[in-house]
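As structure tokens, the structure follows; a few thoughts come after it.
Labels A, B, C, D, E, F, G and H are assigned to the chains in the order they are written; within every chain, residues are numbered from 1.
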């Protein structure tokens, strides 16, 4: 078995983007990676958790990259693949959850899914989420970003049949303990069907959602046409 | 200032029951207290967190006490005061939250409030709590007992104008961490107006609710006729 | 049932202010909200957790807003409603608890309650809180802000008959763990009647207190004249 | 909108089983539920976390129920639905993780998916999991139950393209802290695509996996033929 | 330097008792230790955290040992030394704190100090502790045992000039977290002069108090007549 | 009983300094306090946790105050009282523990005790602490400041007969968790006689040590000549 | 590459025993494993964490197995290999740490090392550990089992040049938090050279020590004669 | 026994470098130490956790010191000792773990061992670590630095026979909790033979590895030629 070959095989088949986690790297390091990426326009590369300096360093090398400052994300090449698979709906409980939610949405889109984003539908005003039921029920998977009490994934999971990806955010203070409160709430969601990812991990939530909503030939091999 | 007198004065004026916390006491100790209580039929005494042995010891001394095994609570004399003040509605998210919820309801009733109990209205099925909106809106205060994700207080607080007493329960396992998850969720409720008490503290929740719903002469002295 | 309408109905009936949580928002975002608020002088809007930059952005749009720098709070229109309901007394254990305490007091006042503020009455000098007993006993509810050992709510709750809102603060260091110590102390208050809110959540404490002290027609509908 | 109807509608359309969580209920209570269930042979009911007493109480009412003592699970009627959708592979890192893994597998099967169970393939002997690659790559979703270091989901997610449901177990002692260690490890999995559920929550993992692997008409309504 | 000799020297000079921690030892092991102790009537030996079985095993070997079942403590020989040094007052906030408080008191007495015990003077009724001010002010050190909110040491330290030994107990439930809440409260006492020991460590509190209240020749050598 | 009078009485009799905790106060606020202090040269005032700005503000008002930059402490008037009572030895495990240790030493000295400071005697080189045995044994109380493993108080307490004040520091990183590791170690010291204070609380440790080493008339009233 | 072969190869070459973790398994399950083991007298098998029932089940199948009840360990065949490599010294701070220490010692011996066990040498009496310096300095590695403050590994590591394996135990109560206190202390040992294992993990400590003390041909292949 | 002499003896015999932990020290303090070091070219001194300012201060005194900015480490004299003992292989799971890994490698080299560094071999791509098996199997000890899920040490320990030093790093965010997640994972490694050190403690890991791989005369005295 040739493991190195295995890896390349996966990337090639899926067309899933590579992701470069910028936080903790210097702008110079990120720029260096961007320079190397330029040679591979056949694979989409995502730069996540990029601050203004990171973004400038990437854009210096890849001027036509797409930069979404809200999400702290850059993508190159800028055009996402034509969407396939089921719809990924991303829901942000409050406007402060928008960074994580937007990161999730863009990740899912660059992994090839159709996406929709819904904002400011926290449980303190139920009518707001209930007003979006029609959209939620068209989704193959729903990502729910929420901080504070993290209650929204439970509510959404109770309203739909498809999986919910619970994305806890560090929004809040005091006994939110940097996102611990919504993380625990989502792990204890009283409705089944909630898949939890790390606090503020919009990239991971979007990636997972894209995998869930990927086209799949039931029972078939993981060859061309399938998600693998 | 005579502090000892102050204490007696408060108890006498309020008619609020004394409470004996049985957990951690032997049945013999609890029985001994019950024997002393017999001399004071003018003040209601509550025995909380009473297991079967505690209950037997109390009933041996006070055979006509009221015993609610679900709530682990005994009251003597058995008849609660005539209800005054606003309505206290107690809501249990799931049937497993019933012990705490029932303890809260009975405490509020023995402190002199009218009460109603609503069970099994968790957020995984929103229609259940929405179906009780008319009752919730008649309340002066609503106690919400919930374990696991502790999401219900946020939802209820968003539907009504009066305070919600959030009563986290130790229902659940794993990352519920003995009630830590719902406790944190309630402290971070995204709707304002949630008053949190200790995990499984049905007595405290009921007491607080009774105080909130107590009759009060705005701006008046804390003399006879007032809550103090 | 029209949920969007429901929400508007509640806000209109209560006259409760809207609250904009500034922390985590940019000054530009907060300024943008302030610009939109200008069209609604009929509803009071509070800007909470506003630093100097946030405040400048709000005042640029709403020059006649009230700005309380100690509390990090702005209110517009500046005039609070005529006070109704019971007295809200806010107690700060130490001068370091003043920000949270002041935020609570102003919130309660802009929700329409008469308020009083008492400072520096920590339990290390009991005579200080005992000297204010007369005032405490006139209150319909007492908010107690305390960091470090969080012992004051227990002491105050033992001295009065009305509810105490325990407001833990992040004052302290080391084993205060950012407010965890007073939070746990208040949740375990040995006197019943303590309603706990999140660490440093002055807004929430003031809102809850205003709800508790709101005028209420016992048993009546939640129509005009009632709190809802 | 009739919410109660909504609920029944969902259950009916999906044919997803009802689940009764037995832990914390008395055998008598569980028996009572089983008696009521007897009237609904059209819907599968699962009894989870059932100990020997619970099981006896269920079997007294539903003698032909299926009882899997390893998983602590009973199902009635005993025959699962004909499998549809993608394959659910459940992997147990060690034999001690078998209870949770088996609960997950049976849940997925009773929700209508084809399932396979693989045991004792922990990362301390990589050849064991690598020997199952062909099976893993046929799956639409893989559930990985692991305690202790919780490392297996990362490894598996790196080998396949479909989502991994990380199921931390309380297997271990000391610094495993009742499953906290594998829970944190899975939330921080260095491979994307890991969906985490609560510690020991085999039911939830199986339910989520069944939803992920459900047949779905891309872009279609959530009507008959769809997952809802 | 002969360290072994040093140790014997210390024990002999002080006459401080040896302590055998029984919890975690079998009754047989404790009995074996008691048998060896019989040869040393010149040194007092304390058996702490002794349950009924441990006590029986000790009494079988040392029939004239003193056994205090409330404190879970046995002492042999039974007669404490003639008291020297300052007065040690031990205060128990509630009756549930009595075990730890009694253990502390007996330890201090067997280390040679005069002691007094005060029970049920929690901060929820300040008049109770204020009524004992005269006694508290005669003490050279005050041990305060309290669970739940752990507020009493702060209050006592504010009333007296001598050190307070804060003895947190595991009394309580839920967010008391086995004594964590009072432990943190005492570590953050807003009055200086509080010395904290481990949760439920009555022996340690009594030992420390006895050392604080020991007679001492200022500036003198640690020879005969001094505490060492 | 006149509580305000009580407080003044205590301060006057003891001559114990007032302490102003500067952290969290602005330089302007601290300067304002210093200005008021100028009127009371009869009472020593300590300014603790003072950074450079705080110090400048104090010195602007009280130019002849003593400023110890290492300890972050200022004292005015600058001359400590003539030492009485037993010797307070302060031990710093490493040089990084010096700030807390020095704060403790100066506090004890300004409360009127003779003091000695010993630095860099961590347990990794036992000979260093053993070389100071003679000094340690002259002490009436020993303060031990240590971060990281917090092992030194146990070792010292095993070598001497008088109380040890364990002063955990936030020195360290990673699993030191801001001082939690040495705090827990000291609370679990395997030698009795360790009194623990809050992390980095040099002031509290010094205050407690000064109280322990204060002259005392055994059994006498807390009048003139006694510690109160 | 044949991974399964790799595994067998390793076991065969090392002669390292297989280990069966009995806790969490039923006696019947353990007995079943013992029955299968009977066919492989060429490989030593250890049964760890075996209670009385487990032991009986093993001995029923393997009557000549060695059973060490203190360590909760059985070994079959009973004779350990002839010792090779460096000396492993195992130190137990207190008698309560004996179970873990003995488990470590026996594990190391059955992995083929010479071992020595030293008991009751806690840091509260330094002379006890100093008296064993000569033995400690003959060791190739020293395992130190300690609960409570976990201070002993730091002290020992400061006295010798070879690695110390820190083995925290759950001995203690309250703020020992089940072994968390000594675990953190050992991770923060102020002397370098401390290798920490999980709480109560005597088997792991002994295994690690045996690997450290194994004979090794510097630079040679991991073939016969080497540790692998 | 002369303890001071003992210490010098150890340092002299081993030639192990002295280490100066710069974090928390001012550049001026570190420079002062460097100045004193200049007099001892016979002993290697390491400056760890040195930022740019620290480094400049050291280089001003010791211009020919070796400075590795990645590792935050300086060594003087710059030439490491001729390597003896077994090979130390240091593995970094990701590039972000490089600082800690490089610190470990350099420490081991300056303690006299031959070293190799391997980077970016996380478990999400198993082929990467499997491709280095030949190198891993030549090592006498392997240091594995990993953040996030901390899974790599378990995997490596399962592939080799020699000890693994698990070096958790604070790489990650959210539920990584500053390195707690990989720390717990490594403490619970499902393969025996993992020695854990503190989070980010590259120096400690390298020191421990150097001790494990040191040449040793089995059973011989700790004299010249041995590691002590």
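Quick note on the criterion: a residue touches a chain if its C-beta (ideal position, glycine included) is under 8 Å from a C-beta of that chain, and two chains touch if they have at least 3 such contacts.
These numbers come from a predicted model, not from an experiment.
Trainee: When every step has to jump to a touching chain, what is the lowest number of steps that links subunit F to subunit G?
Mentor: The distance in steps between these two chains is 1.
Trainee: Which one of D-H, A-C or B-E makes the same contacts as F-G, at least in over half of the residue pairs?
Mentor: D-H
Trainee: Would you kindly say which chain has the C-alpha centre located farthest from the C-alpha centre of subunit B?
Mentor: Most remote chain from subunit B, centroid-wise, comes out as H.
Trainee: Please decide if copies subunit D and subunit H contact each other with the same set of residue positions, more than half shared, or with different positions, and reply same or different.
Mentor: same
Trainee: Farthest chain from subunit C, going by mean C-alpha coordinates, please.
Mentor: Result for max centroid distance from subunit C is chain G.
Trainee: From the C-alpha centre of subunit C to that of subunit F, how far is it in Å?
Mentor: Inter-chain centre distance comes to 37 Å.
Trainee: Centre to centre, by mean C-alpha position, how many angstrom separate subunit E and subunit H?
Mentor: 45
Trainee: Using mean C-alpha positions as chain centres, tell me how far subunit B is from subunit C in Å, no decimals.
Mentor: From the centre of subunit B to the centre of subunit C is 25 Å.
Trainee: Where in subunit H do residues touch two or more of the other chains?
Mentor: In subunit H, residues 1, 125-126, 130, 174-176, 180, 183, 187-188, 198-199 touch at least two other chains, as defined above.
Trainee: What chain pairs are in touch here?
Mentor: A-B, A-C, A-D, A-H, B-C, B-D, B-E, C-E, C-F, D-G, D-H, E-F, E-G, F-G, F-H, G-H
Trainee: Subunit A touches which residues of subunit C in the complex?
Mentor: 2-4, 6-7, 21, 23-25, 168, 170, 178-180, 183, 198-201
Trainee: Spell out the part of subunit B that touches subunit A in their complex, as residue ranges.
Mentor: Checking each residue of subunit B against subunit A gives 93-94, 122-126, 130, 147-151, 154-155, 157-159, 172, 174-177, 180-182, 184-191.
Trainee: Which residues of subunit C touch subunit B in their complex?
Mentor: 1, 10, 13-14, 16, 19, 84-87, 114, 130, 137-138, 140, 160-163, 165, 183, 187-188, 192-199, 203-204, 207-208, 211-212, 214-216, 218-219, 221-222, 226-228
Trainee: If we count contacts the way the header does, which residues on subunit E are in touch with subunit B in the complex?
Mentor: 95-96, 125-128, 130-131, 171, 173-176
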